[in-house]
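Order of writing sets the labels: A, B and C. Residues in every chain begin at 1.
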Amino acid sequence: MKSWEVVIGLETHAQLRTRSKIFSGSSVAFGAEPNRQASAVDIALPGVLPVLNREAVLCAIKFGLAVNGNIAPRSVFARKNYFYPDLPKGYQISQFELPVVSGGGLAIRLGQGDEMREKLVHLTRAHLEEDAGKSLHEDFHGKTGIDLNRAGTPLLEIVSEPEMRSSAEAVAYAKALHALVQWIGICDGNMQEGSFRCDANVSVRPLGQKEFGTRREIKNLNSFRFMQQAIDFEVQWQINEIEEGRAIRQATVLFDPDSGETRAMRSKEDAHDYRYFPDPDLLPLEITPGWIEEVRAALPELPQAMKARFEADYGLSAYDAATLTASRGMADYFSRTVDVAGRERAKLCANWVINDVRRFMTGGTRDDVGEPVASEVRDGTPGRDAIRVSAESLARLIARITDGTISNAGAKKAFVELWTGPQLDVDEVINRLGLKQMNDGGALEKIIDEVLAANAKSVEEYRAGKEKAFNALVGQVMKASKGKANPQQVGELLKKKLGG
Amino acid sequence: MSLTPNDVARIALLSRIELSPAEAETTRGQLIGILGFIEQLQAVDTTGIEPLAHAVDVVQRLRPDQVTESDRREAFQALAPDVENGLYLVPKVIE
Amino acid sequence: MINASLKQLAAALAEKRISAVELATLFLDRIERLNPALNAFITIDREKTLAQARAVDVSGKLGAGDTAQRSLLAGIPLAHKDIFCTEGWRTTCGSKMLANFVSPYDAHVVEKLAAAGMVTLGKLNMDEFAMGSSNETSYFGAVKNPWDRARVPGGSSGGSAAAIAARLAPAVTGTDTGGSIRQPAALCGLTGLKPTYGVVSRYGMIAFASSLDQAGPMAKSAEDCALLLTAMAGFDSRDSTSLERPAEDYSRELEKPLSGLKIGLPKEFFGEGMEPDVRAAVDAALAEYRKLGATTVEVSLPNSALSVPAYYVIAPAEASSNLSRFDGVRYGYRAPEYSDLADMYSKTRAQGFGAEVKRRILIGSYVLSHGYYDAYYLQAQKIRRLIAADFSAAFGECDVIMGPTAPSVAFAFGAKSADPVQMYLSDIYTISTNLAGLPGMSLPCGFGQGGLPVGLQIIGRWFDEARMLNAAHQYQRVTDWHTRLPEGVQ
């Protein structure tokens, strides 16, 4: 039996965050009644013409800068000709020979903790194009219904090199890209609404073979879980076919989440011949160096740079820094927590954000492979919906641990209350739950004396050299103090008394 | 200039224009004539010449990102051969 | 009144010697009487026209209001080539595909002329989707040449040309992709102008070949065309190829003397191919220009023979894509019977388009298809650059270029319809200006065989419409070809 190598390249369509369509003044708001956001241009009435939306170009420039790609000083819109009822003009305006962005790369992270490794996936290109409408196949007396509200929505199609070697790598790439487009604010990342969807080109080849195998393209993967399932199924299917002596034929396939299988599409039967040519209704798109610099200056700190800064300035591990910069919302939240708590507590802040905040983020945005995402919401403020304890509150809570007011265990209780309860002040919560540690030496000494008196056996054992007995005594004191004693202080006092 | 009946069938399919066998044959003859006429372009040496897509050398103007269109669904759909519940209807699309 | 210039009509309206309603009625009556024999109009709607005229009569545009509101063209009737979308009017583009299409919006040109107070008389016949040089491809039947009804009026703006020649309208719009304004203007004995590409918005003008299409005026004289162009031209944000230029008064240079004007005569235009009667009329016109103080110089457009084949790659390529929207889904014709979606498309388009349109779509699909793109489309675009460069070089030696508009006078119906290539060659002198984006015009310069009109073509530098109009107007001041009428029209 041979070993097989999987080769995957991804084509991702990111819907750009504009108000109006790429070539018309129609709204792109989601959820309107069918065809109420389909203007004369969108339904391709005779005589209408496209005019390019500046904001869509701006989004493409931001992306090009964020992936370190080349932004073409002059790019060209082309027509991709094919007939389909959701494509009103009979062609899609896209870019072909001269895309707006070419090259660049995206760092993806694989594995957990100390096992984590990074891989740079190169990008072939990113180009601007318009979306098609939607075909609704529910029964209209056996007909298909066409809604053109989505027709003309601006998309950035981002094409990777075929450099992924497993479904896990493909998902890691898709997630990194998903985070990046939201990070730079060009896409809302809403996968349910189709704002971010991927096509995966999958092929297999015997390990060591140089040439690529014949690929099949899995269309319209709008969830990371489906992407993983679809690729895994497709890879196994292709291997089986080849091993049984059947050649793979190039095809476009769809993934059926119910059966977990991929199947070839029937509607794209005629040989693809899109007859691309420069759209004569549009002129070359010119992007000046001045415009690029203006955009660069306004770009936020990018995840790779922020990750490096967290490692260097806060002494975080690569994995922790990567986790905190997995989304803009998470990174902003962490940064604000550190700003309030002070950078000497950055490590503690990181632990809290990574372990506690992320664990609690169930009600908020969460991607479908279970990874919590502190995503930016549409108004641009980081995930207030997702994270129910503000960065300021978390910072104060952390300060209360370090100043000895509460124990770590007490802080966890307070955190639960802050998250689930009415939005109270941190100190109010500490008071209400009675979490304040007993820092009054006199009262504590009294309790210790009582415990020592009642546990003569443990005292004896400790003195005989059993360290365990000491821990038992600490536990008894904590219990007698109803958890309010500061464990560190208890230890010190006990040692003094037992030693004295 | 050779243009086979298969070539004619292929471009008719790409163009979504039905041709009866008789039409296909007449069309083939005419297309051979036209393509023969434009064939003379091949003889011209255009090495180093940039293609010209527009005679006037200007760049694309950019539109501000503003919603300027209002809903005209009723007026537009009055023109359509088959609509229901605001949707354009076509024969069933099989994916 | 039917022979009056636009200025004379404007004066009559301003002085209340006639109302807009009366003027519109006069032309509507003529259309009713003469159009059945000529078939120049596809759609007339007396009610709509008179309602518009009434509105102009009570507006301040006719001279009753303040100067700012007044418009010289207000109240003057005009008819549109049926390629322009006109809200509430049937807009067919000469095709069965759009035979029942009532446009829900106005083209920019229609908007501008209506804003100037012009009154729409109706929609004019044309070759289907502007593809033709004889008007024989119209779904609504061919237009007859008013000078000889057995002959073609030219195309594609044949209805526009016949309407002016027969005085069914004092002004019309046309479009020109390869000569569709100039060639019918020549064959019907009137004045027509195709502006520089980008001067008039294409918004609402049903696209044939987007990089070549340009709208322009057709009228009895250069003076009228100048007034109309001034009203039609102007920047439109809805057309990416519309040029942002300061507004121009195209009449501003009409009265300038021609002394010192250098006229270039391309030797390629005066060789074989031009009929002797056309040659005689053009030569006589050039002699007249010399009398007016102009000098002539031979220039060369070495690649002009390639303009027709290059055009018949580029125009069908663009058309094949532009016409894909006619699929029977959202508007227009849908085949009555079909088995499935693919069948609906193929039958709808087979039945909705005429033979010439289908031929050009097929040619366009072919030249763009895989494996042929570089050899045909890209090569044609390179030759397009050579053709434009030829003109740049020629304009280094002259101010305007002159020559014949068409190689012969109007030909008989059926004379060229069997051989597409012969038909395409009727545009041999006009096509290169479209490829180069230059302005061109045709004006009557005499009569040839059978007493049929001959057109003189003037080609200008980019944006040099005012100078071309000046040259044409000065000629029309000393000649009367443009005032001649076909028999049976009065």
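Convention: a residue touches a chain if its C-beta (ideal position, glycine included) is under 8 Å from a C-beta of that chain, and two chains touch if they have at least 3 such contacts.
Everything quoted here is computed from the prediction, not taken from an experiment.
Which chain pair shares more contacting C-beta pairs: B-C, or A-C?
It is B-C, judged by the count of C-beta pairs in contact.
Could you name the chain whose CA centroid falls nearest to the centroid of all protein CA atoms?
Answer for the innermost chain: B.
I'd like to verify one number: the distance from the centre of chain A to the centre of chain B, where each centre is the average of its C-alpha atoms, in whole angstrom.
Measuring from centre to centre gives 41 Å for this pair.
At what distance in angstrom does the C-alpha mean of chain C lie from that of chain B?
23
Give, as an integer number of Å, the spacing between the C-alpha centres of chain C and chain A.
Once rounded, the distance between the two centres reads 57 Å.
Residues of chain C that contact two or more other chains, please.
101, 104, 211, 237, 240-241, 320, 324, 327, 329-331, 341, 345, 365, 369
In chain A, what residues contact two or more other chains?
40, 43, 45, 51-52, 81, 83, 85, 144, 146, 273, 275, 280, 282-283
Multi-chain contacts only, two chains or more: what residues does chain B have there?
Those would be 13-14, 16, 53-54, 58, 60-61, 63, 72, 76, 82, 88, 90-93.
Can you name the residues of chain A that touch chain B in the complex?
So the residues of chain A in touch with chain B come to 18-20, 24-27, 33-41, 43, 45, 51-57, 74, 77, 81, 83-85, 135-137, 140, 142-148, 254, 265-267, 270, 273, 275, 278, 280, 282-286.
Quick one: in the complex, what on chain A touches chain C?
40, 43-52, 79, 81, 83, 85, 88-91, 144, 146, 273, 275-277, 280-283
Going by the contact rule at the top, pick out the chain B residues touching chain C in the complex.
7-8, 10-19, 27, 30-31, 33-35, 37-42, 44, 46, 49-56, 58, 60-61, 63, 72, 75-76, 78-82, 88, 90-93
Could you list, by residue number, the parts of chain B that touch chain A in their complex?
13-14, 16, 53-54, 58-69, 71-73, 76-77, 82, 84-95
Quick one: which bits of chain C touch chain B in the complex? Just the residue numbers, please.
101-102, 104, 196-198, 211, 237, 240-241, 243-244, 303, 306, 308-310, 312-313, 320, 324, 327-332, 334, 338, 340-347, 349-350, 353, 358-359, 361-363, 365-367, 369, 375-376, 378-386, 388, 419-421, 424, 435-438, 462
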